[in-house]
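Note that the chains take the letters A, B, C and D in the order they are written out, and that residue 1 is the start of every chain.
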Amino acid sequence: MTPNATPTVLVTGFEPFDNDPLNPSWEVARALEGWDCGGATVRAVQLPCVFGLAAERLDEALARWRPRLVVGLGLAGGRTEWQPERVAINCDDARIPDNAGRQPVDTAVVPGGPAAYFSTLPIKAIVQALRAAGLPASVSNTAGTFVCNHVFYALMLRLAGLPGVRGGFVHVPCLPEHAARHPGAPSMALATQVEALRVTLRTALAFENDIVAGGGQLH
Amino acid sequence: MTPNATPTVLVTGFEPFDNDPLNPSWEVARALEGWDCGGATVRAVQLPCVFGLAAERLDEALARWRPRLVVGLGLAGGRTEWQPERVAINCDDARIPDNAGRQPVDTAVVPGGPAAYFSTLPIKAIVQALRAAGLPASVSNTAGTFVCNHVFYALMLRLAGLPGVRGGFVHVPCLPEHAARHPGAPSMALATQVEALRVTLRTALAFENDIVAGGGQLH
Amino acid sequence: MTPNATPTVLVTGFEPFDNDPLNPSWEVARALEGWDCGGATVRAVQLPCVFGLAAERLDEALARWRPRLVVGLGLAGGRTEWQPERVAINCDDARIPDNAGRQPVDTAVVPGGPAAYFSTLPIKAIVQALRAAGLPASVSNTAGTFVCNHVFYALMLRLAGLPGVRGGFVHVPCLPEHAARHPGAPSMALATQVEALRVTLRTALAFENDIVAGGGQLH
Amino acid sequence: MTPNATPTVLVTGFEPFDNDPLNPSWEVARALEGWDCGGATVRAVQLPCVFGLAAERLDEALARWRPRLVVGLGLAGGRTEWQPERVAINCDDARIPDNAGRQPVDTAVVPGGPAAYFSTLPIKAIVQALRAAGLPASVSNTAGTFVCNHVFYALMLRLAGLPGVRGGFVHVPCLPEHAARHPGAPSMALATQVEALRVTLRTALAFENDIVAGGGQLH
């Protein structure tokens, strides 16, 4: 089998969970399925919100598409901005059951794996580009301990064995229709989020190394 | 001069303040200038962010357009939703100077006026209609003590002398481009806000009396 | 019956509600029962968390103690500071049932009463004195629409007919033991709250008129 | 030199930073200097709020006291609870300069070190014990990227080479006097925090292995 003639960018989103009818991470991802990003083609893949199974599906997508760049997306209800994550930790600690009823507490994503992996996306350059485009963004230093972090960790472990392929994870806000059912929740419109994904992918392809720019937190 | 052949709805927004290049309240208002809302024509008027002068300009607009409905809009940085205000209080207490450098502290909007006026918009019906349309909304019980509350109070005082004309005030979130310069701030896209204004006006015209629906706060 | 030989300060707190075992507003009030505040004696009275009945009990306490100063206290879960309230509004709008199962929606506290009453406590002086004493405090512009606002409005209506008697309302944070059952909730220790009440009462007696000091909100 | 006859527990706090006159992490630590915790003696050591130098001072304290347990404390302005941290990451990214004017951006705490270390404190047991004692607490999944995380990472790296010695880090809220100068900030009284430290140390000594209990975050 020959390598892909066209380079591919893989974007993953999740199926709905916690009784919500839709998940913005998937709505945003599928909106750019087939999009040409500077010569690379975007492939959107939906992952189940299930520990273990989500990582298996990710592996299948990596094998099928052999992407040069991978961006995982996940919903972070309560956040106001598009937030590239800095680090994935080797810990599953589920506050609620996943879609298969699994609720691991303080177990490793991969037993014996490193405690953490850093994103290999240029997260500072992405935040800077998003803000310059008028899109609210900041770096996040925790991806939590649910299925998002699980997939993020599994992804970085795979990429550690695939030199030249970079990737990471972005947490995204609720959509307005979601916030309309959860009074007080912040949200971001689908069109705004899709534009944020475009800027994220363009910047990730353009910056092989990150820029040096502030973005840390005191605590 | 004959009365307006066509009924008019007056929507006011503010000029920018506090060093921001634009004010979503005006961007949203002017987007619907001339819009036909069930037989009524929307007139958008920009008010200065100046104590006293803003109320004068409001008076001029009321005299010119003789509206049957008036909706004032103002920016509330930090809020996540489109929020109809319940009550205007007779108090100016400026945390920062207005655009003319005025900074009243604990003075009356109108000396000798009532302590407060309630909105005569159907605020519960509006919130219900917004949520049904997938737009984040809730009732607010304080419009603050800056120029927004000042204009809201001045409006309700005028409308108290104009039987049959209803009105009120809505606080709106930042736009995304605004939030992009203030890390962490929640925002709502212009298109979302314009749709929220359409739903607000339609509902306000349709419901002469408000519905009985929850929306209070414990504190 | 002769007037009280000793001037009295009345402090009210509420019984527990919403399934909590205790209410900090009452714990704080009763801690100062009998305290001599510059020649005035503090009387602490517990009010039921019930629309209507709370105001009746307040009336009884006013008749019994003929205080020269009245400070109502109420719990505001989620707030971080000791917050003197600026204004009571003539509106009951209960998000949850009170302790008698009553849940009024958009009804008047007193039909035909003014839309609002302002506190006659020196709220800016109180906040300044609290901060100078190292106690977190700020002015609040909404007392909500539940039993706290109900009692606050009823109190100010009574005081409007009692020249020389001043009063108002303060919302207080959770106690730590309360926050320990509600992860994420801010709290303030009982000792800190009792000291805040002492400072509040001393300042209220010392300042017949409020100082001119910032404390407003943009929205 | 002979080993310590009495087992030692080392607690570190920081000197003030960011223009604050005092730092609760040190006020709490020094309050328990010399305290006997179930047969072990607490030694409180103040660390400078300086990248690099803080880790050197920590090393000196480890060498001097040869503790069996180490708990680092640091201020987290804006947090409402006593929060044991789960993980230290190998990243310095300073939003503001430290007390020596150093402001590293995206550099390693220890070049070539593991991406992260997990706390070896029983963080779930500590949170459970704190809540049972009426003290607000929860697990935190990010210690930030400033000097707190720097010291936490340096500590865990050292402990990785000292079998049988356990340790970790706890972020603590502002004191009330601090919050009084930063309107809106949550706080926790010194007495409450000192009691929280007592419970933390007792629990850490009692539980060599953590309990299995919820405490994760969705994101």
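Here is the rule we go by: a contact is a pair of C-beta atoms (placed from the backbone, for glycine too) under 8 Å apart; a residue touches a chain by one contact, two chains touch by 3 or more.
On a predicted model such as this, the values are computed, not experimentally measured, just so you know.
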Any chain that touches subunit D and subunit A: none
Candidate from C-D, B-C or A-B with the same interface as A-D, over half of contact pairs in common: B-C
Farthest chain relative to subunit B (centres taken as mean CA coordinates): D
Length of the line joining the C-alpha centres of subunit B and subunit D, rounded to whole Å: 48
Between subunit C and subunit B, distance of the C-alpha-averaged centres to the nearest whole Å: 31
Where subunit C and subunit D are represented by their mean Cα positions, the distance between them in whole Å: 38
Contacts with 2+ other chains: residues of subunit A: none
Arrangement of touching chains [line / ring / star / complete / other]: ring
Subunit B to subunit A touching residues, read off their complex: 80-81, 130-131, 133-138, 176-177, 179-181, 183-189, 191-192
Complex contacts: residues of subunit A adjacent to subunit D: 74-77, 79, 86-87, 89, 91-96, 105-106, 114-118, 124, 141-146, 148-149, 171, 210, 212-219
